[in-house]
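Note that chain A is present in both complexes that follow, paired respectively with chain B and with chain C.
For the complex of A and B:
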């Protein structure tokens, strides 16, 4: 064998090693491709025939007020959860970033909501938010009227609350890792220069935390846009909580409009794809500037 | 960590109190529901919430053994079945992902080959895809392949959750091992399998174990796959817990008990993976 020449086994070895995972992946990719294909048909589960109708489903969706409404509710939901969870998570992370006795127990307590099944968390809160539940009892104690947490006017906010309860720890954990990885020297110089705490926070901490903030925002945005469990468990998809995946679920499994439902899903998937690409490349740049390396 | 001169006793107490406040917020729902699971029906529906009550096991008995509590029949007698389903599906899914994913992670970490980045990105994309997009075609496929409402069918779909996690995180662990050790072994005549099993695997064992546990937790917590692609034979616990809500009434106590039992496995396991959590949550992006 000449130097530099590889046996055929060496050339194909990586592919062989990866083969089982690849088989599973293709098994999952095939339905994805089918999803795109079906979205271009008028497939209804109840009728055996499918006709290729091109982009009709998509055009219908763009003219359907319910589609835009659902998209708006989903974007609102994602926006609210991020605006609350990231700053709150940062606050908690900054609190946890101290060497105090017992801080580790707090860290564990903090992540308990995160480790629970979202559906179960939703059920728990459903029990707490019931008309005659404990939450309204506490509200009554301070003299206010009981709030119909799960009725149409408040239900979206209630679900946002559950999301915040579940996923603020997610942001906190990531940001805490970020805070703990920050170099000490800039802070020491700032102390020497007698910089104010606020200045330090705004010009030292925040820029260095950027990669971690972006990561937290990335994961929370995508998961919020996809949210299904919380809505289904609390309101089963009432009018004011009709997020995209929930409406797609009903479109497919109650009205059997597979094609139309899939067109909604493809649209939200494209939205997720675009947002995640933007955020990931933003993250790459932030990582390069913060650490001088590329991931 | 902030320096100790900054931490006056006053500041310490303040921080401690604020964190305690948040801890109450985080724990209260859990504690309340645990209490509810031990309350008798009368205590639950009492207009003034009772913090002090005599505990009773009637809810647990009802859902585990189908016993009748006074005149209230068990909401469902299948809860043990659902718990068993969760165990079978989740553990099998994680095992399958480990068998396929760990070698794949190694290949991605150590070798250069065409399509490497595309394949890696495909794994990652599963984490970000909206589930219903893939569930609908799979639902149709499964009907034809008779995989609807089967363990096998669900174990396969669960790969969407467990495989990306395992591949991306364990790839990071393999990348953290220095190449020199493996090259030394290769010079000693080990084949790739020898290097993999005798050098690489033992070195990533702790990370591997915790990633497997994390995958278990995420798979266990899943709801949507079981809801749509399963039926009363194969529903996992998470789906079964919803069964206590019917049109006539909500069996609060039993639902609370079912909730508590369902969250036990992931919560207990979470204790063991503290160190590896950040890596797991960010798909390996942060070394934590």
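For the complex of A and C:
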């Protein structure tokens, strides 16, 4: 071997080592790239040919009132779930952050909804919210008329309610973990200074917990914008619950417009990407502030 | 050290490789049924294996245990997959659109078939049916109710004038029509006759909506989810009886015509005032449960749901249900839509001969009689319908048998216009009904839906087909 010449093992070993990562990357990116490619075509499931049509599917969507309606309903759904779940999760986490007798049982009960597949939860709630379901039974006990929970007028709010039941524990667990990881010293100092509970919450807990709050918001935003199963299992996507994912499903598998459906998916992906980037940079700043490494 | 550029090239080339493989289709296998002329034999395709794609249905449940009999008779092995209806409809589209012949025989029906025919996925069957070398002389095609065969015939051109013309695309294994099921005990109590027109339909529902022993009962139920099944069942039956059509002969959408708006208003007002509280989430299953639980007065329903109404293990209305024809329109016309589950051959199958032998066996008198006895309702063959064992099943179901016979004989036909976009159009139409139910003016909602439907037809190329 000449000086400076590397053995073949040395040359190719790194490629071999990254091979699993490469395969994984391809596995992740292949469907995504394919979706982008197909969204630029007139691909219909019932047509044997497909042609490149540029941005026509996107432009069609932007001119379609039903698309904007779906996008608005999706954003409303995501907004409502986050506005309710994160504060509620924080409240539950704070209650569970006390070492009192039996608290472990409560923590276990908290995660029961999380163990349930969303479709099962949706079907269970569909029965609860039925005309003669238990919810209307309790409403009847106070003399009120039964509520059409899953009818058009109320259906979005009802599904938000199911989402809250299912995913508030997720927020609570993240925030409970956050609360338990907070340093004790600032609290001890505040107690010595006889600071009020509200003062401690506002000026100590909230700033230190902020990265965890943003994390909970981030996960719930991504999940809510992708919501499909709860809606499909309860209303099949009635007019007022036609979220983007449901409309994309209809577009592809019921109306055969695969190209247009994929353009909807790419648009919702862009929305999620932009919101996530904003939340992640917010999270970075919050982390730097919380750890004192802010520049 | 790995060069980033090399890494990028590897990823790029791999993508190109995968992408270039996409959409590769298998060669269509051209089998000419008329090329076979020697006498009929069941073992003509012995040694082959066919793949069935089936929907979970009483027909399927009666078929599966007998598949070994088919294999013994023909030497053809059968591989199958069964999925629930919704999953099935998705999966079959994926399979057929792969043009790979991965499925040989599949279940379908008139409206979905129209999309598949236009896509070139279905093998026409007349050359198999009419060739004595391929069809057993005992098969007796004339034994099928004519309306069941007609419903699965189409020449591929849009427009109602093309209904029942052209090729036979599939063979029916059952048939369902739409009749009015009503609580005869309530009707007797209120001294009401079953409604004969849509004014009486509304009044009947109104009278039946009341308190019984402190419990609120309602006059009418129906499907309400925002999909084409809401349109293609009771609603279209009433719509067609009322003299309305979904398209004119030039394929202009007419769901917003004056008479269509009038009928839609009656239909929705009846549901709003006398129907389920959460009508827009009412699937067929919810509706059936509601009626069987004894909370509703009537339902313009799939006829064979009587199997559930009259089942003492599940139903609270056994023996309390009367059956009658759908109410008539203003000029006395009665129409009933129909649906038939059918068996069809994938045009890209490489085993078309074996597939036809299978369909022929599975839709024979013997097989369909056995299937009907096991709950595959209603029979698509007259001889099965008249079979004493089959007839005895319905003997206690009030006048069910007479009503269904009369409906099949005189009033049942596909009420939707043949075209390839039924799911998209039906879903859009159903959403308009939901909007009206939620308070939008009927004319406004139907005008918007008609405009969207015209766009769907225009984009699909169906419009130019008629010109």
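To be clear about the criterion, the second predicted complex is superposed on the first by the 267 of 295 C-alpha atoms of A that agree within 3 Å, B and C clash if a C-alpha of one lies under 4 Å from a C-alpha of the other, contacts with A are read in each partner's own complex, and residues count from 1 in each chain.
As a working rule, a residue touches a chain if its C-beta (ideal position, glycine included) is under 8 Å from a C-beta of that chain, and two chains touch if they have at least 3 such contacts.
Source: prediction; values computed, not measured.
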item: Partner chain(s) touched by A:163 [first = chain B, second = chain C, both, neither]; value: neither
item: Partner chain in contact with A:273 - chain B first, chain C second, else both or neither; value: first
item: Partner chain in contact with A:261 - chain B first, chain C second, else both or neither; value: first
item: Which of chain B and chain C A:85 touches, first, second, both or neither; value: neither
item: Which of chain B and chain C A:137 touches, first, second, both or neither; value: first
item: First, second, both or neither for A:151, with chain B first and chain C second; value: second
item: Larger contact residue set on chain A - chain B or chain C; value: B
item: Chain B versus chain C as contact partner of A:14, first or second or both or neither; value: both
item: Touching partner for A:24 - first (chain B), second (chain C), both, neither; value: first
item: Partner chain in contact with A:120 - chain B first, chain C second, else both or neither; value: first
item: Chain B/chain C common contact set on chain A; value: 14-15, 18, 22, 25, 29-30, 34, 45, 132, 253
item: Residues of chain A touching chain C in the complex; value: 14-15, 18, 22, 25-26, 29-30, 33-34, 37, 45-48, 50, 66, 126, 129-132, 146-153, 155, 234-240, 242, 250, 253-257
item: Of all residues in chain C, those that touch chain A in their complex; value: 1-2, 7, 10-11, 14-15, 18-19, 22-23, 25, 89-90, 93-94, 97, 99, 115-116, 118-121, 225-227, 276-281, 283, 286, 290, 293, 295, 420-421, 423-424, 427, 431, 434-435, 437-438, 452
item: Complex interface listing, chain B residues touching chain A; value: 1-2, 4, 7, 12, 15-16, 18-19, 22-23, 25-27, 29-30, 32-33, 36, 45, 47-49, 96, 99-101, 103-104, 106-108, 111, 113, 116, 119, 122-123, 126, 128-134, 136-138, 140-141, 156, 159-160, 163, 167, 192, 217, 220-224, 227-228, 238-239, 241-242, 252, 255-256, 259, 262-263, 266-267, 270-271, 274, 277-278, 281-282, 285-286, 288
item: Residue ranges of chain A in contact with chain B within the complex; value: 13-15, 17-18, 20-25, 27-32, 34-35, 38, 45, 92, 95-100, 102-103, 106-113, 115-121, 123-125, 127-128, 132, 134, 137, 165, 169-170, 173-174, 177-178, 180, 212, 215, 219, 222, 225-226, 228-229, 232-233, 244-245, 248-249, 252-253, 258, 261-262, 265-266, 268-269, 272-273, 276, 283, 295
